[in-house]
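The two complexes that follow have subunit A in common; it is paired with subunit B in the first and with subunit C in the second.
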Partner chain A sequence: MKKTIFVIGAILLIILFPLFVKNSYHLYLMNRALIHAILATGLVFLTGFAGQISLGQAGFYAIGAYSSAYFTVKLGMPIVVGVIAGIVISVIAGFLLSIPSFKLKAFFLSLVTIAFGQIVWMLVINLTPITGGPYGFFGIPFYSFGGEMLSFGQVFWLFGGLLLLSVFIMFRIKHSHFGRAMLAMNDDDVATETCGISTKKLKIAAFGFSAGLAGLAGALYAHLAGFLSPEPFTFFESSNFVAMAVVGGLRHMSGGVVGGIGLTLLPEFLRFGGWENYYLMVTSLIVIVIVIFMPMGLGPILESLFRKVFRVKRNNTKTL
Partner chain B sequence: MDILRTENMTKRFGGVVANNDLSIGIPEGEITALIGPNGSGKTTFINVVTGVHPITSGKVYFKDQDITGMEINRISRLGIARTFQKIRLFENLSVIENVLVARKSFYKSGPLSVVLGTPSFRKEEKENREKAMELLELVGLEDNAYDSPKGMAYGLRRCLEIARALALEPQLIFLDEPAAGMTRDEFKVIMNLMMILKEKGITTLLVEHTMDFIKAVADWVYVLNFGQIIAKGTFDVIEKDPLVLKAYLGED
Partner chain C sequence: MLQDILQNIVSGASIGATYGLVGLGVVFLWLTISRINFANISSAMLAAYLFYSFYTQLNLGFFISFVLSVAIIGLYGLGLRIFIYEPIRKRGGGRLEFVVATLMLCTFWLNFIIVTYGALPKPFPPVFGGSNDFISLGGIRIPSLYLNIYLVIAILMVFIYFILNKTLIGKSFRAAAQNREAAALMGIDVKVTTSLSFILATVVVGIAGILLAPIYFVSLELGGGSIGVKGFASAVLGGLTNPYGTILGGISLGLLENFSTLYISSTYRDVISFSVLVAVLILKPSGIFNWKRKKI
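Coming up: the complex of A and B.
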């Protein structure tokens, strides 16, 4: 019951939004927000569910973006193929990054993932024949269908659909033997192993899934922007992605969506007269306040508000 | 017939020899107790055999298969389950989900059937939930199935850990101090459970300090001191062994 209301509500929102919002900057911004929501959803899966840390998510974002750009521009493939290539290459990189997590936890694992992000960033700058380096990668095709360029509104529908699909896949996996095993590993990995579960395989899968979503987000960004430069792929962006997942709610299904959209739009709301120089600082302050006073994130708070408004009872037969 | 054998098993932590050249056999289908003073290497024995601690030297055989150095999850899937001296539950999962975690290796559905929600996956999920519920009934936790284990009484948490271990459908189960800190009623539940395990043909290795408990349930007793076996036999024999008395009570 609760599930159906959520799904119908989300679909309606996605369908209606572009019909009412006509300002193309606002639509572009919302499209960026959806991309961030997809990426942050992957982080919620990796960190909130499987208990692993990645401060190098911008690395996968870059791999997805540049792979798709390369496949479409240099190899002349259609955008669909480019995006799939971006996902696949990211997933492979994710599998590789999971290897250090077999032995490392917490601080040490975060250091390794930061290093991974830095390596990818250096490759973006220095592999000029593929990435265009600091000069940038130009002429990346925009979304089109049957020879017609899509409007920002239609792109919004596309991204919204992909976001819904990502959340749906994550939901199904969470409520299965795989999801339970990941949540168990998050609590206690030795006890999980004694339940006959290979935590190595779970870590490989979790890193692969979150890298895949980051790769998808990167590829979607490449074709939205039409131009890639190294700036959006720095460590600063990686930490921003983590902030999105935390603010939205690391352990909550909607965490990535709420945090990704919220933290993309928040600075825009703060960018008003006379405050232009401070809006990023205020954004960070708001993040700090949320983390301190609402450690569960905004997702669970929105959910309980939603329950009060629609008087939906908690379905406790599924999960806590 | 011994279901598990160790050959010259040694475990060192730096300079401390926790298990010294142990060659032990655990007879199939019976309840064997491992006793000894604090720090004599009982828990270490369980940790090494189940793969939680890497072995220093020696061999471990389960049903004549060499399991030395295997990953914990593989050893568990072969049919060796365990509980922990300091209870280790999945605190963020519900009671029934704790048991279901240990059912994972019985699922055949891959990620694709999970995402598509195929009928075979739904059936599998239903069957495993029923199985988990049966185990919760066995330990008397059926009414708490959807609660969080967080605030539960100590004895109930113990029972949940045992139910989770049984969900692996093990042939051999290690129980590390199952009766420690239990009330008299909880104690009876555990005692009854031990008898059920025996009826089901599950071999049990018990680490315990409560002598009444061991006397009541154990078929065989091994006594460890400073990482070595100093006595073995039935409880009545062990009880009178001078070496054992010395280890527990000291000289004279």
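Coming up: the complex of A and C.
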């Protein structure tokens, strides 16, 4: 019951939003927020469900963005092919990055992922023939359908649909035997192995899935912005992505959506007149306060609010 | 040719030793609370900017500025424990919450510096010798800056050795690092040793920041560049538990960097050192320069 209300509500929100908001800057911002939500959903899956940490997610984001740009601009493929190529190449990189996670945990794994992110970033800067380096990658085509350019509102529907699809896939995985095995692995690696479950396969799949979502997000960003520079792919972006997942709620289905949209829009709300210099400082402070005082994240809090408003009882077997 | 090699050894080792100091900040926290402070490198940036303020803007003289900025950084370390670590622990936040909080702290300090000092790099006063001061030694030129770095780090290591091995608080620190519960049962105040580790960690990194400032200028590079990752790398080479191994790890990282610049390419310098880091993590996670395990 609750699930249906939630899904219908989400679809209605996505359909109605572009009909009421006409300001193109706000729509562009919401599109960025949806991209971040897709990426943070992948991180929630990787960290909250499978228990692996990644501080190099901007690396996959960059791989997705630059592969899609390369396929569409340099090879002349349609955007769909470019986006799929971005996803596939990211997933392959994710498979490779999962190899160190067989042996390493927590801090050591986060170091490997940081190093991965940094290496990708430096390759982006230095491989000028492919990426354009610090000068940037120009002329990436915008979304079009049947020869006509889409408006920001139509792009919003597209992104919203993709976000819903990725959350739905994650929901299905979580409630399959695969997802339960992942939750078990999150609680205890060794115990899961002794139950006859191969944690290696699970780790490969988790890294692949989250890398795929990050690659998708990167490819979507490339065609939305039309121009790529190395700037949005630094280590600080990776740490922002992790902050989104944690603020939204790591163990919660909606964590990525809440955190991704919330943390993308938060700095914009803080841009009062005369305070422009301080908004980034205040944003990071707010995140610290949320992390310290609400370690569960905002997702569960929103869920309980939602339940109070609609008077829905908790369904124990299938929680969102 | 030989001169080139010796010259590179001198400069690589001195920069590497400061990476080692940054790594020491990681090690001291890991020993007591098994957490990693990702805002570790922020202390370096803050100390450099404080020193710049005291020395250049307020004309307080080298010694007073140095002591003041290091003392403030030590207090900041204590604040880190009181305002970040303890509240997270009390509310049941785990490692990841600490990681995210400190990551955000890193961004916070970067933006704080941009707001208060501006984003442009500031010239560092030539307190460790100007760019033209050097000592010739059999054909190699050792800039006095590097000599001073060696000197400060040598004094610091002797000092740390003395504190850890000869004083009561250092002995209790080592006991708590080996086994927290057992040390607490023996009547050691674990809270004091935790505070000590926070203070030591930030102070050491702060000193590293002041030493690195003549090379990188007083800039945001100190708090947001790849130096922090290199600090982590040297801590990992030392196995995260061995302070002296960490310094050695840093030195070898600095040498690796300089020689890859000399023989391969300067653009891929950082790619090479990060690849080595990944290789070490995968092949030997317990560290290369870690001859004594779980003991300092």
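In this section, the second predicted complex is superposed on the first by the 317 of 320 C-alpha atoms of A that agree within 3 Å, B and C clash if a C-alpha of one lies under 4 Å from a C-alpha of the other, contacts with A are read in each partner's own complex, and residues count from 1 in each chain.
The definition used in the following text is that contacts are C-beta pairs under 8 Å (C-beta built on N, C-alpha and C of every residue); 3 or more make two chains touch, one makes a residue touch a chain.
Because the structure is predicted, anything quoted here is derived from the model rather than measured.
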Subunit A as common anchor, with subunit B and subunit C clashing or fitting: fit
Subunit A residues touched - subunit C or subunit B, whichever exceeds: C
First (subunit B), second (subunit C), both or neither touched by A:222: neither
First (subunit B), second (subunit C), both or neither touched by A:118: second
Touched partner set for A:195, first subunit B, second subunit C, both or neither: first
Subunit B versus subunit C as contact partner of A:103, first or second or both or neither: second
Which superposed partner A:39 touches (first subunit B, second subunit C, both, neither): neither
Subunit B versus subunit C as contact partner of A:93, first or second or both or neither: neither
Following superposition on chain A: angle at subunit A, subunit B versus subunit C, Cα, nearest 10°: 80
Which of subunit B and subunit C A:204 touches, first, second, both or neither: neither
Minimum distance between Cα atoms of subunit B and subunit C in the superposition (Å): 13
Residues of subunit A that lie at the interface with subunit B and also at the interface with subunit C: none
Touching residues on subunit A, where the partner in the complex is subunit C: 47, 53, 55, 99-100, 103-104, 106-108, 110-112, 114-116, 118-119, 122-123, 126, 235-236, 239-240, 242-243, 246, 250, 277-278, 280-281, 284-285, 287-288, 291-293, 295
Complex contact set, residues of subunit C against subunit A: 30, 36, 38, 84, 87-88, 91-97, 99-101, 103-108, 111-112, 114-115, 224, 226, 229, 232-233, 236, 240, 267-268, 270-271, 274-275, 277-278, 281-282, 285
Subunit A-touching residues of subunit B, taken from the complex the two chains share: 50-52, 71-74, 76-77, 81-82, 84, 88-94, 97-98, 100-105, 107, 109, 111, 114-115, 117, 121, 125, 128, 146, 148, 164-165, 167-168
Subunit B contact footprint on subunit A (complex, rising order): 168-169, 172-173, 176-178, 180-181, 183-184, 186-188, 190-199, 205, 251, 316-317, 319-320
